[in-house]
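Each of the next two complexes has chain A plus one other chain: chain B in the first, chain C in the second.
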Partner chain A sequence: MGAPLGSFGVATPWLLWLLPLALLPLLRSATRRTAISAVSAAPADPLSAALSAVLTGAGLLALTGLIVALAGPYRAGESVTRTGIGAQVSMLIDRSGSMNETFAGRQPSGEEESKAAASRRILGAFVGERAHDLFAVTAFSTAPMLVMPMTDRRDAVRAAISAIDRPGLDYTNVARGLGMALSQFGPAAPGVSRALLLVSDGAAVIDPRIQAQLRAEFAKVRPNLYWLFLRTKGSPSIHDKPAGEDTPQAAPERHLDLFFKSLAVPYRAFEAEGAEAVAGAVRQIEALERDPIPYTEIRPRRDLTGYAYAVAALGLLLLVLAKLAEADFLRQGARATGERAAPAGQAGAERRKAA
Partner chain B sequence: MSAPEDGADIVYWPRWRPGGHRVGAHRGRDAGGLGTFRDTVSFLRLPDARRIDIRASLRDPFEGVAVRRFEARSPVETYALIDLSASMRFRGRADRLGLATAFCTALARSATRIGDGFGLMAADAAFREDLYLPATRHRAAATLAAARIGEATCAGASAEGLMEAARRLAGRPKLVFLVSDFRWPEAAITRVLSALALHDVTPVLLADTLEDDGLPAFGLVELDDLEGAGRRLVLLRPSLRRRWRQREVERIETLRRLCTPFARPPFRLADRFDAEALTRHLLTT
Partner chain C sequence: MNPVRHLPLGKNLRDRRFQALAAALVLALAAVFAGPLPLTRSGVAVLAVVDITGSMNVRDYTLDGKPASRLDVARAGLRRMVAELPCGSRLALALFTERRPFLLFTPIEVCADFAPLDGALAGIDWRMAWEGDSRITAGLHRAIQMAGELDTDLLFVTDGQETPPLPSTGLPPFDGKPGAVRGLIVGAGGHALSPIPKYNDRGREAGFYGETDVQQENRFGPPPDDAESREGYNPRNAPFGASAAKGTEHLSSVREPHLKALGAQTGLAYAHLDGPDGLAATLTAAATPRPLPGRIDPRPFLGGLALALALAAFLAGFRPARPLQPTRM
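Take a look at the complex of A and B:
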């Protein structure tokens, strides 16, 4: 790596020691010299003088271009911080076995779409529409899974989301998932809007001790919390009070909702009983999360060898054109005299033959 | 006497009447010998009874005796002054130095054959002692010295040594051929010519048709000055070629103008040495 000049550098800097060679066209020229008794015999000609300067420049350009191209120039990669509209969105997606079922609570068949597939489709569109958001994807079933840390790489996020309809397994352990989803936000930055999007089709009891921890975490991170509850037809709603005893065990959804409401962070729950309802909920979230956000854009290292070769080629092209336009009149003259001499020699040979 | 490949002789006709007692080929200043009739003088002035002009004596009312006088034939000395500045290295249709050698050889032959002396002086920035030949009637020596010109090295950037040559030529008038391409400053030409003004000077302008008529109509040429005046890239095209040739014509015209007070008009020796052309030039100017 060469010492970067600004954000420019070269791969093999020692080759740049050859750069003084590029001054050679000032001393010598590519055109063939014609020795003449007095240069002053040629009348002053501005066009020729300009052409001479151009050809010298072309020589300089060609040599400089070649040497620089050999050294391998590049523009170093850098990250640029810009401000856009968006938010840090941490998605927490339920991967429990029930997500494989349709909204009707069956295994999907034919045209039917599982809850996971629907959320994949709709969340994928969500990611695609938001240009400057940062996304993190966490999945959870019994244990949380870190799918994708907070990033602005849209393709990676989309790939992570498209993986969430792989068959899920086991149960719903929302507490540890929430913990990991919160940890995705990283250190607080001022003026950044944060959103935690929980996508699940069920809930689970959160241990009171973990509840306290989560409370503290929420108080620290202060995200906007959105719960997208994919409700299976016939299963209890988050607002339904159970018929019997109103304990977290009997109605985990309702109690999770209550827990969220008690967190003192902006919270909205969306209860969706079909793909359209999910899409509507996502649209609402999208409309809500519109705040300025600083985001970093990474410009990758860029190879400039091609440009250097192009510059060299331009110079060489000019030189080749000059070479093609070259007239060597002294040599032509010598050839003409040689031809004049040749017939005499032939005549002599014929005479000898006759004799 | 002369080998067939020698070519024609250079015939010259000095502008002045050479003096001296040696017998030569040119009409001399003095009377004597068996030459062309010159005049009649009184017998008392030239008491030569063999040449009494009876007709003139009878015609004389004072009854004096007249004696015929005849012109003496005297030799002259010819000198070739060769400019050996670096521009003489030029090779176009012909080798410029080769042309000079051909000229010198022909002059050496022509001069020694009729009993004239041939001398050779060459100069670049300094006078070239190694090529100096004082006028001699010795034919082999003259031819040898002339041939040495062909092997001379030309390195100087000027022909200032010719002033020294002019100093050495002081004395009786001589027939001087100043062989050069005259790529000199005008002041230098005038200086050399005025130093030689005493003599009968014929400037021999070495030229090459490649340098004017032979220029290509189009092309890129990098000119390299033989005398070290640098390089120059020139895009030849019909208009520039026209201007170039116009400039050459003007240069020769200027040379002619500069020569007029001191010397004969310059003889242009281009591509091939033609003794007859030089003869015509010498007899008509």
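Take a look at the complex of A and C:
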């Protein structure tokens, strides 16, 4: 990119080194020259002088226009910061093997949809609808995986979401996944709403040591936390107290919910037992995340090459007309009437220059 | 009296400089109205599968004067490759460990979505691995199947070290059709044996693997042919011999013969990863060229020619003038 002059610039600046060539019309004209013995033989003719100046100008215009057009002039695009409605959404998606089962806990057959396929469809629509959101995608099973860093490129986010109904891995290790999903937010930006969306079909015990770390991270990032719990029919709910001992090992879902509630960040859990319930929950989240967010809009730069060619064409047109109207220094030319002054005078001017 | 009648029009039209300027005018006008011309270029669509098993942490490369692990160089190589691929090419990313590739995202375009793609490649880490095994043959076979489903070519970056080692019966059979999916196996690693770093459960480095830390021989399946000559061999109680297996499986180098055999079995090309550069050219040579709609701007050609003609018309003015001669009209 060339050094912009104000908001103007050229694509290939080195071509502008050819610009001195555009001064050529000052030295020589494109019209025919004839040697005569004495230039003073022709009377001084203001019209001829003016025509000569116009043609020199046309030559300058044509060559300058062509050289500038070749360099590719443009008016620079600008990035404008605006405020829209949206949020930074970090999605943390469970890729454990059980996500490939249906909500009834079976292998999907026929028309049935697995939990992963349902979340793929519904989250894909969610990404498509929100115009000014930034999304990040993190997957987790045994280990957390950074799938897509925070971005506004919808296609990339959709590509990441369309991979989530592939066969999953082994376990549900939610603690490390939460850590990575929080790290996706990056440094704090003032006035930006942040949401962490956890999509899982199970929970796991969070090591007390990691609990303290996570608590500190949540306090720093302060996201709105949404847990979309895809509950398999017959499995314990978030709110079910186990019959026996109420330990995290016996009821990990309930204790993960309790842990989230103790974090002092805005938190909501959605328990979905079918695709419609998932869609309903996502709609609710969408309605809740309606805060202003600054976003950058890039205005494309405007190509001015066509105008430069048009200017060059104007200069060339004048030169071509002059060449067509060229007359030679002849006896008849000298006897020309006032009507023929233009071509004859022009020829006279050229002769004076040539002499 | 019409002045035009007295002009030497025929002579003017025959004038070389008139012709040059008129041609330049036509070219300049064409450049004003010319739009971009459609053009077909070739790009690639590829599924990149990166081995993130333990042996990829071996530091036997140098990057910017510092020792670098195979994974570092593979990551840097992929990032440079993405920057060099023609716009319109698409890349999907999967990780390999255990015995299967794990797809992170389906193909995305390398120019418009460059920033997130580059970020995702930079984020590849061995800590994402979900299991310790490294059954490369099985992983490659499944990666080929995955590339077929995604309708892409395959780029499989690995050092070729199978953990556990392959049984004496050799390569498992390949079910697919060799050559149906084209692509490239990229062998990462030096040719000399290097120690493999070991990490503790907090992810901190804790020395290197020793000879007894890893499985030196695969003792599943039938014993090898030379088993009878081993010390303490007993067909029923000690079919692999009585002594513990010894070997160099705790050290790692790029297993080129194995990777070339895999390439021959599956119809993929093989290339060694010499450094972070040059992956784009190697891949383009091995992959299926995919026609991409491209556009070419004809204006520089038109404008350049117009400029040359206009300059010639003015430069011709430096010729010495002809003496005055009466001409007939």
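Everything below uses one rule, namely that the second predicted complex is superposed on the first by the 233 of 355 C-alpha atoms of A that agree within 3 Å, B and C clash if a C-alpha of one lies under 4 Å from a C-alpha of the other, contacts with A are read in each partner's own complex, and residues count from 1 in each chain.
Keep this in mind: a residue touches a chain if its C-beta (ideal position, glycine included) is under 8 Å from a C-beta of that chain, and two chains touch if they have at least 3 such contacts.
Quick caveat: nothing in here was measured; it's all calculated off a predicted structure.
S.K.: After the superposition on A, what does A:Met91 contact: first (chain B), second (chain C), both or neither?
M.R.: So A:Met91 meets neither chain B nor chain C here.
S.K.: A:Glu326 in the overlay: touching chain B, chain C, both, or neither? Say first, second, both or neither.
M.R.: Once the two structures are laid over each other on A, A:Glu326 reaches both partners.
S.K.: Among the partners chain B and chain C, which is in contact with a greater number of residues of chain A?
M.R.: Answer, by number of touched residues of chain A: C.
S.K.: Go through the superposed model and pick first if A:Ala62 touches only chain B, second if only chain C, both, or neither.
M.R.: Once the two structures are laid over each other on A, A:Ala62 reaches chain C alone.
S.K.: Which of the two partners, first being chain B and second being chain C, lies in contact with A:Leu51: first, second, both, or neither?
M.R.: In the superposed model, A:Leu51 contacts chain B only, not chain C.
S.K.: With both complexes overlaid on chain A, does A:Arg33 touch chain B (first), chain C (second), both or neither?
M.R.: A:Arg33 contacts both chain B and chain C.
S.K.: Based on the superposed arrangement, let me know which partner A:Ile238 touches: chain B (first), chain C (second), both, or neither?
M.R.: Touch partners of A:Ile238: none, neither chain B nor chain C.
S.K.: Would you please give the residues of chain A that touch chain B in one complex and also touch chain C in the other complex?
M.R.: 29, 31-36, 325-330, 332, 336-337
S.K.: Of all residues in chain A, which touch chain B in the complex?
M.R.: The touching residues are 29, 31-43, 45, 47-49, 51-52, 55, 322, 325-330, 332-334, 336-337.
S.K.: Considering the complex alone, what residue numbers of chain B touch chain A?
M.R.: Going by the criterion above, the answer is residues 87-94, 96, 181, 183, 210-211, 214-216, 218-227, 229-236, 240, 243-244, 247-248, 251.
S.K.: Which chain A residues qualify as touching chain C in the complex?
M.R.: Residue list for chain A touching chain C: 18, 21, 24-25, 27-36, 59, 62-63, 65-67, 69-70, 95, 137, 139, 141-149, 151, 153, 155-157, 159-160, 162-163, 166-167, 169-170, 305-306, 309-310, 312-313, 316-317, 319-320, 323-332, 336-337, 339-340, 342-343, 354.
S.K.: Which chain C residues qualify as touching chain A in the complex?
M.R.: Residue positions touching the partner: 1, 3, 6-9, 11-13, 15, 17-18, 21-22, 24-25, 28-29, 31-32, 92, 95, 100, 102-109, 112-113, 115-117, 119-120, 123, 125, 127-131, 299-300, 303-304, 306-307, 310-311, 313-318, 320-324, 326-327, 329.
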